[in-house]
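Chains here go by letter, A, B, C, D and E, matching the order in which they are written, and residues are numbered from 1 within each.
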Amino acid sequence: MNGYELLNVTFQFLESFAFIVLATVGLAVIFGMMGIINLAHGEFILVGAYATTLSAHQGLPLPAAMLVGVVATTIFGIVLERTIIRRLYGRLLDSMVATFGISLVLVQLTRILFGNSIDQVSTPFGAISYGSYSYSLYRVLLAGAAIATLLGLYLLFTRTAFGIRARATIQDEETARSMGVDTDRMYMSTFAIGSALAGLTGALYAPARASPTPEFGSEFLVDAFVAVVVGGPSVLVGTPLAGGFLGLIEAFFTFQWTQFIGTVAMLVAAIVMIRLLPDGFSGLVESVRTSWRESE
Amino acid sequence: MAASDPTVKTTRAVDETGERSSRILQTRDLHKEFGGLTATDTVDFAVEEGELRCLIGPNGAGKSTVLNLITGQLEPTAGSIYYDGIDITSLPSHERVDRGISMKFQVPTLYEDLTARQNLRIPLQRIVDAAEFETRTRELLAQFDLLAEIDETPATLSHGQQQRLEIAMAMALEPTLMLLDEPVAGLSVEETAEVAELLRTIRAQEGVAFIVIEHDIDFVETIADRVTVLDQGSIFTEGTIEEVKTDPAVRRIYLGEET
Amino acid sequence: MLDLTDVHVSYGTTPILHDIDITVDPGEIIGIMGKNGVGKTTLIKAVMGLLEVDAGTITFDGDDVTSTGAAVRARRGMGYIPQGRDVFPELTVEENLRMGETIHAADDRLQYEAVYDFFPILEERQSQTAGTLSGGQQQLLAIGRALIGNPKLLVLDEPSEGVQPSIVQDITRDLQRVNEELETTIIFVEQNLHVVQHLAERCYAIDKGTIVDELGSDRLESREAVTEYLAV
Amino acid sequence: MEGVRMSSEPNSSLLERVRSPFEGPNTLGNSNGFWLTFGVGVVSLALYPVLFGTYAAGERAVFLVYALLGVSLCFVWGFCGILSFGQVAFFGVSGYTFGIVGLNVSSYTGVTLGIVAGIAVATLFAAALGYFMFYGGVRDVYVTIITLVVALVLKTFMDQTAGGEWAVGEAELGGFNGMRNIPNLAIGVGDIGIEVSRAMHYYVALAALIGVYLGLRVLVNGRFGYAMVATLEDETRTEMFGYNTTFIKLVTFTLGGALAGLSGVLYVTWGNYINPQQFAITAASMPVIWASIGGRDSIAGTIAAAIVLQWIELQLSGEWALVIVGSLLVFVILVMPEGIAPRLRTFVLDRQSSSEPTTTPATTEEVTD
Amino acid sequence: MTRRSISRRSALAGGVASGLAAIGGCLSEGGILNGSGGSDGPMIGVLEDRSGEFALNGTAKWQASLLAVEELNADGGVLGEELDVYDPDPQSDNQRYQELTREALNREGVDALWAGYSSATREAIRPIINEEEQLYFYTTQYEGGVCDRTTFAMGATARQQLGAVIPYMIEEYGPRIYTIAADYNFGQISGDWVRLLADEHDAEVVGEEFIPLGETDFGSTINAIQGEDPDFIASMLVGDGHANFYEQRADNELDVPMASSTTMAQGYEHRRLDPPALEDMYVGVNYMEELETDRNAAFVDAFYEQFPDADYLNQEAQNNYFSIHMWAEAVEAAGTFDQEAVIAELEDGIEVEAPEGDVELDPETHHMTHHMRIGRADGEHEVTFSDEQYIEPSFLHEVGCNLPDDPEQTQYEPDEFYDEI
């Protein structure tokens, strides 16, 4: 492997990492914090992508269009939470069926409203060239966006009153309520944040993907589910580790063989991981931390 | 009464040294931690065949932890448990049950959709043939004064009846050691007396050993042969109820006075 | 300040409490004592709104709060200090204290300095996760957390549980100081003789799910009177 | 078989004795009304080919095949609490296996072997996956996600098996295009045997469905059923009655896999075709939807929901079809979370108790299962 | 699929009569309540996807079919009777295709069937069609090789498309080819054709990658292409996921020209993607909406007048359109809707005035001789055409497919006949 090829693998890793992390965060926040598996997660991403693309077509500059995408998805998430999801708290399996129904409706409504595809927004920034190779700068920067998103989540959940209350609610809902936390509103806000993150993913990938179609969201689904399982219940710890681990496996096998082998290797690794660590990476980190604390 | 599997109960109690002993249960240095917090610390505890032992102590003393370690719901961090002369420390719960350990949980957890008869069938079908279900069911229900409620579901039973049905279900397995977690919590005075009477009768008839966790000292007084006091995860003292009641140290741990 | 009238509570289908009548006047420190398993924690949870009552009424600061949830009661000025180690173990000491801000969001909110002044150990351990504190320190944290919101009423569930006897005495003194300096009303349940005798101004005795006696300061001084409801 | 009867009637009639193994607290419908409805249902399904013709029946046979797939989920989910999105994995693996054997051994022997092999491979696959999960400490929703991921991995894998290197003997896996020319259902040895035509396939599927239904009723009301339901309701407690709940879950999951395998064989012999789309998320969700809507602890409810929903989907065409189906799902989950069959039963019970207040003291009368 | 398995399956089917079917002797095909079903007048089945994965391609096929029927009916119908259409939406779901095909054949009794976009769909329903000996038109451009007595393949085959564009590219840009193709039958057979054509024209395939359907990441593929530095890329990618390749090619500023049989004419990527994703894309096509002929202008106008909201009028839509007209002509010539008579009439050799130009049906292979052109997209995605050739479906001739003489139901694959592969 010469220097250029090493760069190739690095960029491929960054791209896989960004894709897995961004595909997962929204789902992971909603699952990790609320215990709801949102099978319509892909369609939340779809909403973000469509809102971004359509407003870019209206002449908005791309950053503003992306903001529209995030805001639209957030509002959309809040409306769904208030009307449907709210009634399904504590009913994990029912919430899966209901969100699957929502997903069916959204895909087809998108098709009815906007047709089989909408025109794409082109990718900004051009490419980095090295030797005979080149790599899209925007795609490399997506890794930066993924890290920034994780950092933002970290700050949100550790530095703000909201974040502290959210974490307190998960650790001990009863005590949190007795501390004056309105847990119902907590759930709504958490769902809104999960939706905003899905919207962000849609907004970021709208220009990095070919023209959005109603099936746009389904591309993200498999990676998102795999990463949630591998990451385990703690979003802040699990998602980056899962993204890093799966991204490395995918990039290495893809580089060594083909993209297909990379994908299969990633899925197989995920299944083995679950067998070895039923609570995912965050469970592992938790037990390491515990034993470290004990040895003190 | 025929045991399900004759091989498990034929061994006479032998302790870990290989000597014959009347001890049915023996724990050695039982230690359990939860994420750095010690729940029980070096518990050495033995129960004789047919004995009725009560486990008392203030909140958080580790009583339920000890019970869960014996049933296998929890795995000890260190130490071992011998039952009937065999090391059962790493056996799964269901195999301990096969060896004769039975348990009644604190909160009644009957199967909601099943009638009393059908609830009883769940333990019964493990040890008797289908042909005997009805006779055994009726015997047990009669013994626990529940025959009239044979076709009732738990929701229609009184709290006391539910507690009795639970004990009946645990007894259906014909255990040699029975663990009861607060059998009279929430019962009226009359119901408490009934349960006490019931336990005495079972003991007399079947020779079952009991470990009972209980807060109600009056109840303990009426049933216990010996009492073990736990505090801060360790055995504080052991003795007859009279000895324990008059022990000033026991009063102190309950009242929180400095020693 | 707080009135419970003819309150009945059950846990699932199991009745736990019946015919409970309790009155707490502003500025008082009221104890509720009883042995293990007589329903003390159930009672305190019903006061806080964490358990629904089957019958009866609860009024707080002049308002009927019988059917209000815990979060609302907390914001109206009830500061809850749960049993044992019920701090948020994964949050740091400081984050735990910040949780207290949601209680009784009045303008005259206590400053962190004041809480740190009461409990200097909390300032030392600011950035440590709460789960790594000792039992006594966790208890102080739980009290400090409640005080941050400047509550009108402190509701304590067995402050002595899992705490070493020498620390129990410190906690008792701290709570008395809180009552005097901040004029906070206090209600607590307890089975620790020391706490009952030294903290309570007046005390209810609870047994088999109901109030069986009420002891004024004179009877509280008598060890025999108190141990009757506590001892083994 | 069953020693305990619900009725305390001493001299029970012959009919009751015939019925008794099929009845018990673990199935919702045990009343005369229920069995009457059941009989009417079976007879009308049996008459369908006569009334609507063999073509229509051949066509609708797939409804029954899928209903069987729904039953396989209902069994593991409703009776043992294991929500598996992987029933399609066993279904598909069995279908492909049947295809491989049937295409390679070209005689009735091959087809007969294929049936056995298909179900056996699906069963083993379920057992292996179940062992992996249950003995690995995987629980609750993680079981659900893992089974979903397994189905999706199979889809990814099968999609790329297009090349000649992916032929097993005569049988080409065919990748995205799928495997074609899979033989019809038949039983026999060499050239002697009975082959099932499309029209008859309907009756085979119906017989399989009814057989499985009655068999499962016997099972869930028998010893093992009590253990399953006990595990479902409270695993810890059941463990303390000496049951190895991990093993019970494994056996249940494996049996569920075998049933899915049976329906997989019936599926490929119906369409003579299978492709990786059978493992996709939409396909994987269908059994969950049928069981949710019909009532996850009601086998008959699941069957009815599977048939009715497929019928509705076929009738609805045009761009609003999926919108309507999706909305229906959300609506049912919000309005009757336990499913339609249990709701219907409650409704019938309420009406009966209000219309005949003095009669039938203790025996509960139910009409639906 | 090989012929052996077909014949064996028929042999098994023969056993049915002696088997269970005898029991069902009392059962009628139609049933008591159902009557014979179907409409009284002539009817064609048009099963094209308007939802699901292939809606993008299927919608226009469906629309153009309706346009053709409308025109026929406005013109007095077929044999003087108004033509009906059975056109439920199969939702890109192959099982639904199977159900609807049986419904169309048995219940509706359609006189001819147009159905399916993907090869997978065609292969899913062909057994049903074969069993009923149904007259069936498959209109998608495809890998080629289907030699089937009742099936008429209206689209250009890989041989026709690649045969036009690959030699052109070798001439224009050089002999080093890098193949990327969808990883299923279509892509793999197309890959075989590229190798075969390279061999014939002294060129070389320097790299080949088969990519699973639905894959969306092409970073490693692009790096691999850059590593080989070919003269041009032969792209037989399929579907929306794969369209990402073109987008990523532009992002990575990979400026190697591309030859394709699948792009633009079906999924109108040049309209949907932002330029310059498809710059220097050369595609071998028989039809695109942009074709500048008077006949096509009239067709495009008529289409958008009927369907003002339509996205694009693609190659397959044109194939549906002309083949419905062609079928109607054959019916008129035969004087009956009887399918055998119509097939005989079609096999007599028929020519039709299609928007792409006048095209002929090849009687022996049931394929069309097409006007193949090279369509090129520039940096602004403007399409220009060059190098028009009239190309026969030669592969099936070479393998000896002669349906009027030897009615078979097979799909031939090139690797069975050429050593070079």
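One rule holds in what follows: a residue touches a chain if its C-beta (ideal position, glycine included) is under 8 Å from a C-beta of that chain, and two chains touch if they have at least 3 such contacts.
A quick map from chain label to UniProt name: A = Urea ABC transporter permease UrtB; B = Urea ABC transporter ATP-binding protein; C = ABC transporter; E = Urea ABC transporter substrate-binding protein.
Only a predicted model underlies this, so the values are computations on that prediction, with no experimental measurement involved.
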- Lowest number of touching-chain links that must be crossed from subunit C to subunit E: 2
- Note on the structure: In the contact graph of chains, the distance from subunit A to subunit E in steps is 1
- Could you tell me which pair, B-D or D-E, is linked by more C-beta pairs in contact? D-E
- Message: Farthest chain from subunit D, going by mean C-alpha coordinates, please.
- Response: C
- Chain centres from averaged Cα atoms put subunit A and subunit C apart, in whole Å, by 43
- Distance from the CA centroid of subunit A to that of subunit D, rounded to the nearest Å? 34
- Cα centroid separation, subunit A vs subunit B, in Å, comes to 49
- Can you give the whole-Å distance between the Cα centres of subunit C and subunit D? 55
- Message: If I count partner chains per residue in subunit B, which residues reach a count of at least 2?
- Response: 35-36
- Note on the structure: Going by residue number, subunit E touches two or more other chains at 51, 183, 210, 212, 214
- Message: If a residue has to touch 2 or more other chains to count, which residues of subunit D qualify?
- Response: 156, 160, 319, 321-322
- Message: Which residues of subunit B touch subunit D once you look at their complex with the stated criterion?
- Response: 71, 73, 92-95, 97-98, 102-103, 105, 109, 111-115, 117-118, 121-123, 125-126, 129-134, 137, 151, 169-170, 173
- Message: Help me check something: in the complex, which residues belonging to subunit C touch subunit B?
- Response: 11-16, 35-38, 83-85, 131-132, 158, 160-162, 165-166, 168, 191-195, 208, 227, 230-232
- Within their complex, subunit E touches subunit D through residues 1-2, 4-6, 8-9, 12-13, 15-16, 19-21, 23-24, 26-34, 50-51, 88-89, 91, 93-96, 98-99, 102-103, 106-107, 118-120, 123-124, 126-127, 183-185, 187-188, 210, 212-214, 415
- Quick one: in the complex, what on subunit D touches subunit E? 49-59, 62, 103, 106, 108, 111, 156, 159-160, 162-164, 170, 172, 174-178, 180-181, 183-184, 186, 193-197, 199-200, 271-273, 275, 277, 314, 317-319, 321-322
- Note on the structure: Interface with subunit A, subunit E side, in the complex: residues 51, 53, 55-56, 59, 183, 209-212, 214-223, 226-227, 229, 240-241, 243-244, 246-248, 250-254, 269, 271-275, 277, 309, 311
